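What follows is a group of structures, each given as structure tokens.
What follows is chain A paired twice: with chain B in the first complex and chain C in the second.
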Partner chain A sequence: MGSLFRSEEMALCQLFLQSEAAYACVSELGELGLVQFRDLNPDVNAFQRKFVNEVRRCDEMERKLRYLEKEIKKDGIPMLDTGESPEAPQPREMIDLEATFEKLENELREVNQNAEALKRNFLELTELKHILRKTQVFFDESVPTVYQSSVPRSSNKYRRLLQMADNQNEDEQAQLLGEEAVRASQPGQNLKLGFVAGVILRERLPAFERMLWRACRGNVFLRQAMIETPLEDPTNGDQVHKSVFIIFFQGDQLKTRVKKICEGFRATLYPCPEAPADRREMAMGVMTRIEDLNTVLGQTQDHRHRVLVAAAKNLKNWFVKVRKIKAIYHTLNLFNLDVTQKCLIAECWVPLLDIETIQLALRRGTERSGSSVPPILNRMQTFENPPTYNRTNKFTKAFQALIDAYGVASYREMNPAPYTIITFPFLFAVMFGDLGHGAIMALFGLWMIRKEKGLAAQKTDNEIWNIFFGGRYIIFLMGVFSMYTGMIYNDIFSKSLNIFGSHWQMSYNKSTVMENKYLQLSPKEDYEGSPYPFGMDPIWQVAGSNKIIFHNAYKMKISIIFGVIHMVFGVVMSWHNHTYFRNRISLIYEFIPQLMFLLLLFFYMVLLMFIKWIKFAATNEKPYSEACAPSILITFIDMVLFNTPKPAPSGCGVYMFWGQHFVQVLFVLLALGCIPIMLFAKPMLIMQARKLANEEVQPIAGASSDAETGGVSNGGPHGGGGPHEEEEEMSEIFIHQSIHTIEYVLGSVSHTASYLRLWALSLAHAQLAEVLWTMVLSIGLKQEGWFGGVILTCVFGFWAILTVGILVLMEGLSAFLHTLRLHWVEFQSKFYKGQGYAFQPFSFDAIIENGSAAVEE
Partner chain B sequence: MYGDTEIRSHDIHLTSFSVFDENFLSFAKNLRTTKPKVGKMKICGPKLSLCGLIISVWGIVQLVLMGLFFYINSVALIEDLPLDEEYHSLEDFYAAANRAYNQNAYNCWIAACIYVLTLLLSAQQFYMNSRVTAN
Partner chain C sequence: MGAAFFPVLFFTALWGAVGIGMPIMTPKGPHQNLIRCILMLTAACCWLFWLCCYMAQMNPLIGPKLKRDVVAMIGRSWDMKIVDG
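Presenting the complex of A and B:
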């Protein structure tokens, strides 16, 4: 298998496929997912390619499937997703599939149309039912007012009598018109009142009423009543509120006018019989018809449901099949057609190690298609840059993704991912050191890892969850490392654990303790002499006034130590790159001065820290006692600026060891001397080499010499880098080199300082945790009496939520981002170009995954 | 899955009032086939009950341990005791500190017991929710 340290070796291959075997072979390669095809007809547009018809048919099938899916989702039928991936069907199966989908779609469309028609019918009938019911009320309710004056006592009886009478129609008009009608009818004039009944959307009613009043000059009489239950609009399924209205008018002209207005307001008019008996009869009819319609609708719904349930069983499977067919034809479109039309030619990038597997797959494909001529895969020579392919598994994938987010590695460049697996969680943990918070994070990561399969199966489009789940191994490692650093810092939710017993003790007597507000423990007398076995001594937890000072000194130093080691490691990585690409000039005139510069200045500072830690102690005699310990930072500044150090306090030495001044001056001079080498050596040498080459070529003319020089330059020590560099202008090389050098020299200063963020974030995290404890949880703990337990319960819940929300999530995110920066900028800038392009193999898995994601969006 | 069943139960509720709804038949069929078991005492949803579960477990573990540390008079926790600023004699201080340590230890354990109750409650809710979802 390929190694993690560099990307896979790739080869450009030419593939000759028998045209009848091409489909099966490409299908096999798609299952394998190890081949990246190149487009051989980039200037042919998409509509002129060979298999455009097939691709179009696949598109059509996909559209039908999407329609089915939409309908299934609308009905809330669960879709069977077994997660298995059926093989790409044979081309002849495509016709069957097409026929099936066609049939299903037509059936569904028909059912939907029927259902819509039935629903419309149902709506009309329901509206009619309401009209009949409400109009009855309109006709009835005006009776008492008419007859109240004349026959107040027996009005009800009289009305019933009237209704039973033959001329009901005229009665109603009489009721409506009241006394005026009676008066008007006396002269024998036949006063006929017409009316229209209908249904209108409730929100249109006020405008409708006003319009009627104005257009008919107040000569119509409108009554309306609300329909309480909302009705369903058959076209879009919305619930709408409507009102029943009835308009009385006199004469034909008014009638046409009223009808026009109704039309304008989209009111539906229904024929309403004038006689109550007819109305009752009609109502009965409507009711029975509604009943019938309900049964029919139910049956339609049932039928639709059955069709959809049957389709839901196979839908995912069909989707996979269609997408595979489409992908195959799409790939075949990239191929070149042989002159004889018998053969398809493809060009593809292939990992060298997998050529065997690919050939096996091709053979399988040929067998399946029944073709007798085997496909031919032969390697081609090329000067093109191959794609970068890093083989990953589920563990390394997330780390590789972090690296690729910065830039895909150049071909065969050192891959920082394997080192990131350890350095990333570690640098994170330095900033996030807390046993409790680390444990929460680790448990979360562990849970995701344990439930990996189940969680991966239920795909969601929740982006944040997907990020967390993708980085589950990173989260777990970050949590575990944070637990470790938490133990080193002796912090658990900002409290310390005293496991081994503090190695400090009090030697003050009772009266001193009673009388003094602040007491200091002397490291000379009160310290046992041997350190606490693991991590910080818990005594610092109760040292209220100088705990932070002590922690700062410690954390700042370890940040710089880790930083310098990390950067030196990065520079060493560039050595691997130079040796691999046979870049001798860069190795000698770039790598060595760079390393010298870093070691002589910054690694020397790290050494000074260790010397200070080892040499100076409170128990030592005067020149090396604790009071004489010099400040590393001041020493370093004096060293770089060639300052004479300030005189030390009496009895102490200015320097830590013999000859320090000389060593420092020497180191600074050497480091400064490295800068011009970095700046000029490489471009000068290139210039010289070019001059030499020109002088050699010019005197000799002829074909033989050309061939000779060509051979030399190809087989020269530069390898891949050589020919590329010679295309550059000399001035450009100088500018490039000076930019690189300035970046490196200034970078090592600023990058070293940049690692101080390890200290700063760790300090911030510890302080925030402490503030949360004293401001929130302490309130619960300081309650006196038994009721305190109840208060503590509430306060603890609040504290727990804040701990997860602020300290684990937000602080974790910020520490993560800072770690990412330290890797991308401070570490990778030392060796990593990241100018490659990723290997994107033709793989069904990726295509189907992307396809379903695209649909869900 | 969860939302699905909830909508369905809701709809059944609606349809019982309007029998003439055109979806009635299909819902009636659903009623027959799925038998949604809506818990008798379903108070919180799946997320809240899960959150309650986690906080309860965390609370029990941490508060029992903290109670233990208070009980053995851990110096690291002295700042969290309800003590006065000044005491006149060492004995006074020791007596007050011991009393406060014991009191805090019991308070922590009381809180832990309350969290046992919330654990049981949220576990029952979680079980209810998962049963509804499983159907």
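Presenting the complex of A and C:
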């Protein structure tokens, strides 16, 4: 059970539930999460369903809870999250819950309203306090300026001003007008100036001033002062900056105009007594009121806090409960009502292996609800395609996700995920091979795996982190395999390890070394005869001038070798599919020619590589010496194009082994012969079968389906197909088959070439690592003395950052994407249809997880 | 043939043990087949990768081309004396 190689066998079941027991049963099934319900009333509007009222009540409860949550978050109270999931409450408990939430919400709203009113009051008082303070300053400072400006003028005016100054209490405002106003005032005319004081938002002030000036033609006088401390806006709690202003004017007409403008600019006006004594008194009054208000405000806040703290303890629990109730009613809405209204009928997909568990859960549900009639689970026959369900665990989940991202497997198709577990990290490692970088990656993966529980508990919205964490096992395996391939490449941060001692010997004397700038070791005399036992000989790492030539020859060959084997593996997987679906025609006329084509051309090329490695050596005599080694690629091209190979240098043979020419011609002809088989055999046979079937069963119309669909594509005995399959026209089958064949034949050429990315990426990675070493770290290593130590520390930091950032992260990402492509395109195209749809069971866990994610957005 | 007997045997035996021996010993359970598949694939990939590297170096067609200072350095630190004269 639970093997990942194919998706689970599914069954369509009918479920009869007693009306009373339905709720409890669905609740049990939700806890289990193994049943996918189908909508039995697809044409019924969402508002006309049976339990729409309950769903609406749940929505209302959820809204209240969200309101509570928002308020709790605003106050920064920690919410208790035990992580446990309480069972869905009984329907009758819903009323209690509703009442609780209603009470809480009302209480909170009331408190908030009160607090807001109090705050508004507080704001007004504070503004008034500021006005009184600032206007006092205005009145105080205006007097001496008038004195100064008027002293040198006529003594008459001076005297008058003095008199006015004495008379300050009566009309201070007169001084503010300055001497012109005084001059203009006729004796006997009552010079009474009015003024208004208020508070305005600071950013509105310039426009306000301009407007006043224009509307009143310069006949008003405005003084303003900033309030230094920002004030709190009671409606939304923002901090705003405001300014105090005072406007002097003359006459009623101007007064109304000024007031209108103030209103337009949303300035708040406050009464301000004219006499200083009154003002002082008022200020005192305001101060005491502010203090009173502060205590009341504090008490209100305390009360709010207490309410919220109490709510915060249960909030998560309530959320879970409400979501569960809602999910149950949603599911019940999918059910059909029986004619007697006594029972509900549901249709659902269930995994065949879990029917026992589901029946147990149903029995539990019935017992809980106290109903006497047991529920009935009935298997149904169907022609529909069942959903694809792969049972995964935390290790296989990420790999299955990689496959599903391409396309969910068709029902019971071979699942590539179990093979991907190894081939994916391995092909990645071929590109990423470096012991050091692999170790960093593996350690990071290991750390995530070790701290799994803790890291999983602290859910974050950080998408990048979630991706890394979800793929922790992939990362770990990629790291481990990279370490292995790194050891084979003998690369650790672009340097080599010399563990076993190089198998190349030097036998130079001093003069040779002094005379030649470059010395090339001879593969004939300086090579020990057997290679370095594990991985690359370290001498190649220091052979600056021809290391890349040697590495390229080696890495290109392994790319093709592994690529071809990977593709052959894919084709063999299609054999498993054909035999499983009893698809004999595809097995004989598709699988066999496909495999032949791949083996005869490309696997032959792989064999040539091994032959070249074995047969040609520097120590051999002429036809097999190092100078005679032919290029595999040229040989292969000549073979496919039937070219006569270019004559070899004297003493060498054109071919590697006896009869090669004959074998090659035979292989190519056979491979070409496979193409028409792939192209025509299957459609022809289908056509024949149809003709035969039509002749045989002509009298009975419409009974011909079995004989035809038996052989056609994925029909077979395992459901699949469906009745529409036979309608496929012959021409369509031909077109489909030709597309498929062309894709395969051209694909095998381009896919083989595509595997060369293994070489390209690996070369790029090794070169980048080496550049980083020579351009960065070696600078630090060349300094001497204590100063060198300081430099080395800095340089090392820089090098380490670049290593992790570029070589591990970016190169890792790029290698990851290339590996993904190799699996999706080159591997899976050989056998994987990916036309299924995923099994989405009704599960509380998934619903609650999604619900909380949606809220956090 | 430039292969040495011991390394070939050793690494083949090592990966053979992983790829054949360990799958036989995997305990029964729901994931037995999956574990076997993983082990066999691992062994096959790693063994072939090692083999390719080994065979690519078995009969070298070119020799490493070394710079003068590298030659000197190898002579000093890899225990390959450069003879006087």
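Of note:
Just so we're on the same page, the second predicted complex is superposed on the first by the 785 of 857 C-alpha atoms of A that agree within 3 Å, B and C clash if a C-alpha of one lies under 4 Å from a C-alpha of the other, contacts with A are read in each partner's own complex, and residues count from 1 in each chain.
Keep this in mind: contacts are C-beta pairs under 8 Å (C-beta built on N, C-alpha and C of every residue); 3 or more make two chains touch, one makes a residue touch a chain.
As the structure is a prediction and not an experimental result, all values here were calculated from the model.
In the superposition on chain A, A:603 makes contact with neither chain B nor chain C. In the superposition on chain A, A:406 contacts neither chain B nor chain C.
Legend: residue contacts after superposition of the two complexes on their common chain; A:510 is shown touching both chain B and chain C. By the touch criterion defined above, A:522 reaches chain C but does not reach chain B. By the touch criterion defined above, A:229 lies against chain B but remains apart from chain C after alignment on the C-alpha atoms of chain A.
Looking at the shared chain after the overlay, A:498 reaches both chain B and chain C. For chain A, the partner with contacts to more residues, out of chain B and chain C, is C. By the touch criterion defined above, A:302 lies against chain B but remains apart from chain C after alignment on the C-alpha atoms of chain A.
In the overlay built on the shared chain, the residue A:680 is in contact with neither chain B nor chain C.
By the touch criterion defined above, A:290 reaches chain B but does not reach chain C.
Within chain A, the residues touched by chain B in the first complex and by chain C in the second are 498, 510, 514, 542. Across the complex, chain B is touched by residues 76, 78, 119, 122, 126, 229, 232, 290, 294-295, 297-299, 301-302, 305, 495-498, 510, 514, 538, 541-542, 774, 777-778, 780-786, 788-790, 792-793, 796-797, 800-801 of chain A.
Touching chain A in their complex are the following residues of chain B: 4, 7-8, 18, 20, 22-26, 29, 55, 58-59, 62-63, 74-82, 90, 103-104, 106-111, 113-115.
In the complex of the two chains, the chain C residues touching chain A come out as 1-4, 6-7, 10-11, 30-31, 33-34, 37-38, 41-42, 45-46, 48-50, 52-68, 70-75, 78-80, 82-85. On the side of chain A, the complex with chain C involves touching residues 1-5, 396, 418-419, 421-423, 426, 430, 484-485, 488-489, 498, 501-502, 504-511, 513-514, 516-523, 526-527, 529-537, 539-540, 542-547, 549-550, 553-554, 557-558, 561-562, 565, 610, 613-614, 616-620, 626, 629.
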